[in-house]
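In the two assemblies presented below, chain A is common to both, partnered first by chain B and then by chain C.
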Partner chain A sequence: MFSIGELFDWLTDPENWTGRYGLANLFVEHLTLTLVSLAIAGLLAIPIGIAIGQSGRGETLVIAISSASRAIPTMGLMFALVMLMGVEFRQFAVVLALVGIAIPPILAGAYSGIKSIPIVIREGARAQGMTTLQQIRHVGLPLSAPSMVGGFKIAYLQVVSTVVLAPLVGLGGLGFGVIQGLALRDFAQLTGSALVIVLLSITGERLLARAQRTSHRRLTHSKIGR
Partner chain B sequence: MEWAAKNLDFVLELSFNHLLISLAPLVLGSVFAFALVRFTPVKLTGTIGTTFSAIYAVPSLAIFVALPAIIGTSYLGPTNVVIALSVYVAASMFFSTRDAFSQVPKPTVFIARAQGLSPLQLFVHVELPLAIPGLIAGLRVAAASTVSMASIGAIVGVRNLGYLFLDGFQRKIPEEILTGLLAIFLIGIAMDIGLWALGKALTPWTSRSAQRV
Partner chain C sequence: MTKPIKKSIKSAIALSAVAVLGLAGCAESNSEPLVIGSQAYYSNEIVAEVYAQVLENAGYSVDRQFALGQRDVYVPALLAGEIDLFPEYTGNLLQHFDPAATATAEEDVYQALQAALPAGLTALALSGASDQDSYNVTSDFAMKNNLTSIADLAGVSGIRLGGAPELAERPYGPMGLMSFYGVTVEFEATGDTTVESLEAGLIDMANVYSADPRIQQLGLVTLTDPQGLFLSSNLVPIASDAVNQEARDLINAVSSAMTAADLVALNVRSVEEQLSSAVIARDWLLSKGLID
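For the complex of A and B:
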């Protein structure tokens, strides 16, 4: 059966860290898939969120998307896309699914960040003669930064946990050890891989939570008015 | 949807299991979160909050397979899934329960106390009813994510709608995967409507005052 000693042995065996299915390579794959998807989703969702928040048009759409997205199982979405697009395009299909998973929270974060800026401040910026781009650059973005980072944090959590399932459709990532460990009843590999996944997800969550606090503190302790 | 029609009995059986394995954690997790909010000293709230947001960050499959090493349960089967999902529900309900009760207006509580209500009466007749909208809102969020997350339990051998994803993928039947998606979505919507109706039924005064305005 399984013991802590076995887990320790498995984690400290260099053989489990190197090679195609070593932890190092799987970790890099996991992080790359996550970050690439988050970047694409951010490039799409942030401008749209800002535009909706700024113009006030399409608000119901944002709310509908973010509440409907919670009810869709990420696992099923990924499987369906890989199946419908064909297994040979699975890399593309998985990234597409991950982007789809990441968009709703990022969109909601950008939208509600802009939306929560007091109307006095937004009108004030306009009254000073700022162009729309200047309003976004100097007022909208800095003031909504905490909310946007918050959106990215939720998206990160969703994407990192969905990437764990990527080995089921033939891709890599840290889930590989969990899926293989389950199939081969190798409980040291299973638990060791789960532990690395836990470390990756919690570290990312803590970093983004800190970024959120920093961006918030920068606002409340800014030099403006001093 | 030819596949769904042919396998209707099977889909219904899986849907029923799916509903059960989502409802149990919702009840257990909410009760646990409520107990934590109600009975832990204020000093610990920050620590519990940080711990819960960290736990919430952990991918569900990782928790499903890490639990046996921590508490010694079997690797396969619904026990780990129910425990893990309960922890997720508790993690999200902890924050909404705390906020729901802190939104109860302080003057209302003071007046009730001045009228001579005992702590239990105060809780049952004043605090709980006024916290219900917040609690229901939190439950709706928790229910939606629990229903969709429960499908991952199929990987560790739970017979729920997630099985349709695994089986459909292996046997290359897209309709099977789409049936699973649709069924989970419908269960989510049904639970959402149910909770909304429950909230309305438990707070009749909100609709009455709305009619007057």
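For the complex of A and C:
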């Protein structure tokens, strides 16, 4: 009933790439929703994670947030927020839900990055007369960068796959082709859209993994803090 | 301390073994229970519950397998004989078995469905109640543009039509509006927030199921469809060969008693009063004198 040839035909048909619900537009919407949510989550979670890791206060909060986040039904949260805020503000509601699922891994990455810096190094930085801000800037951030990027990597994968649900509440994104294809039993559209989502996930994950390796290599091959 | 506990566990096991044997004996001596299925759609479940209660009242044993998801999931189970009775909708089911079907009028669709159903499944008597796609506008929009029928939209420009993503490609979607009525619309995939989007003014026209209580609650205007753009979708029970004639007659009596207004009223009770389908079904059957 469905062959790889049909999938190829569907993906290479320019008609499926253009227009309001064409792949190009849906791809941009998908990526925008993902990146905006990750940026907001990062702005919130990184400073908090650093502060908690540096001060050692509020550690139970990190554990509570990251374990509670596993129990949140994402789709339910998205629907509830859209209904609560009204459909006019569905973009904000969906971004809020996505920020909610992106915060825990980023927070955990920032916190554990700082926390895992050996006490000798942290005390050494303090003994040199560095202020707290200097300690964070010259010691904390570079040393915890791999862990922070790792947090973003997990958050990216979760968010990029959750955006697939956005068409259920009237937003775009690549999930459109999955939901429409399923309802119309158009398996070429369904698998074609799913394939683009998979490629987007893998590409992003690979890029972040490379950034993580680079930041790690920089640590082991150069002088930090100078 | 441990001995009495062990003993009680042992006797519990023995008791349950007896119970299982007893039940198995029952099943053998009586006929198999009739398996009644329903979609994962509250309105469909209420109708399935109506069937179940009317059969139970007549002494049949029934096995309720409700909320079985959508057609792709339960039609194979129906074909395999795992479900005996299922409330369905003529047009949508016809489209499932014959995507190229062209009939849209009530009686034509029913006949086409009977022809399209695989062997072993029968469409029982058609009910007057329908639950089908329909185009709805707010009363303000209808008044402002003087709308009662889809045909009246021909003079209105820039209409934004909202519905599930698949509406974009359905025969009654934007393309059908153009070919049947010469109406141009801009499609917005509003998904599960279609009615809310209509209320908020993000779209001008919404595809809503005709038995949706919100049409009544929000005072929406359902545009008439003189050209037969929409496939009629009346409630129809689908029965397997395991359902005997007496049971079929009972179900047919339910179908002929259920009007379009009845179906909406059942849905309203579910949405507004949050009653269980068992209570709603029982009250309705009592009011029609179908059970005692």
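What we mean here is this: the second predicted complex is superposed on the first by the 222 of 226 C-alpha atoms of A that agree within 3 Å, B and C clash if a C-alpha of one lies under 4 Å from a C-alpha of the other, contacts with A are read in each partner's own complex, and residues count from 1 in each chain.
What we mean here is this: a residue touches a chain if its C-beta (ideal position, glycine included) is under 8 Å from a C-beta of that chain, and two chains touch if they have at least 3 such contacts.
All values derive from a computational prediction rather than experimental measurement.
Report for A:20: first if it touches chain B alone, second if chain C alone, otherwise both or neither.
In the superposed model, A:20 contacts chain C only, not chain B.
Scan A:88 for contacts with chain B and chain C and give back first, second, both or neither.
The answer is second: A:88 touches chain C but not chain B.
Once the shared chain is lined up, is A:7 touching chain B (first), chain C (second), both, or neither of them?
A:7: touches chain B, not chain C.
Contacts for A:173 in the overlay, against chain B (first) and chain C (second): which applies, first, second, both or neither?
neither
Which partner does A:109 contact after superposing on A: first (chain B), second (chain C), both, neither?
Neither partner.
Does chain C touch more residues of chain A than chain B does, or is it the other way round?
Per-residue touch count on chain A favours B.
Have a look at where A:79 lands relative to chain B and chain C in the superposition and call it first, second, both or neither.
After superposition on chain A, A:79 lies in contact with both partners, chain B and chain C.
Have a look at where A:184 lands relative to chain B and chain C in the superposition and call it first, second, both or neither.
In the superposition, A:184 touches chain C alone.
Considering only the contact definition stated at the top, list the common interface residues of chain A for chain B and chain C.
Chain A residues touching both partners: 79, 82-83, 168-169, 179, 185.
If you look only at chain C, which of its residues touch chain A in the complex?
72, 162, 164-166, 168-170, 187-194, 196-197, 199-200, 202
Which residues of chain A touch chain B in the complex?
Residue list for chain A touching chain B: 2, 4, 7, 67, 70-77, 79-80, 82-84, 157, 160-161, 164-165, 168-169, 175, 178-179, 181-182, 185, 187, 190-191, 194-195, 197-198, 201-202, 204-206, 209.
In the complex, go through chain B and note every residue touching chain A.
Contact set of chain B toward chain A: 53-54, 56-63, 65-66, 68-69, 75, 141, 144-145, 147-149, 151-152, 155-156, 162, 165-166, 168-169, 172, 174, 177-178, 180-181, 184-185, 188-189, 192.
Please give the residue numbers of chain A that touch chain C in the complex, ascending.
Counting only chain A, the residues touching chain C are 20-21, 79, 82-83, 86-88, 90, 167-170, 172, 176, 179-180, 183-186.
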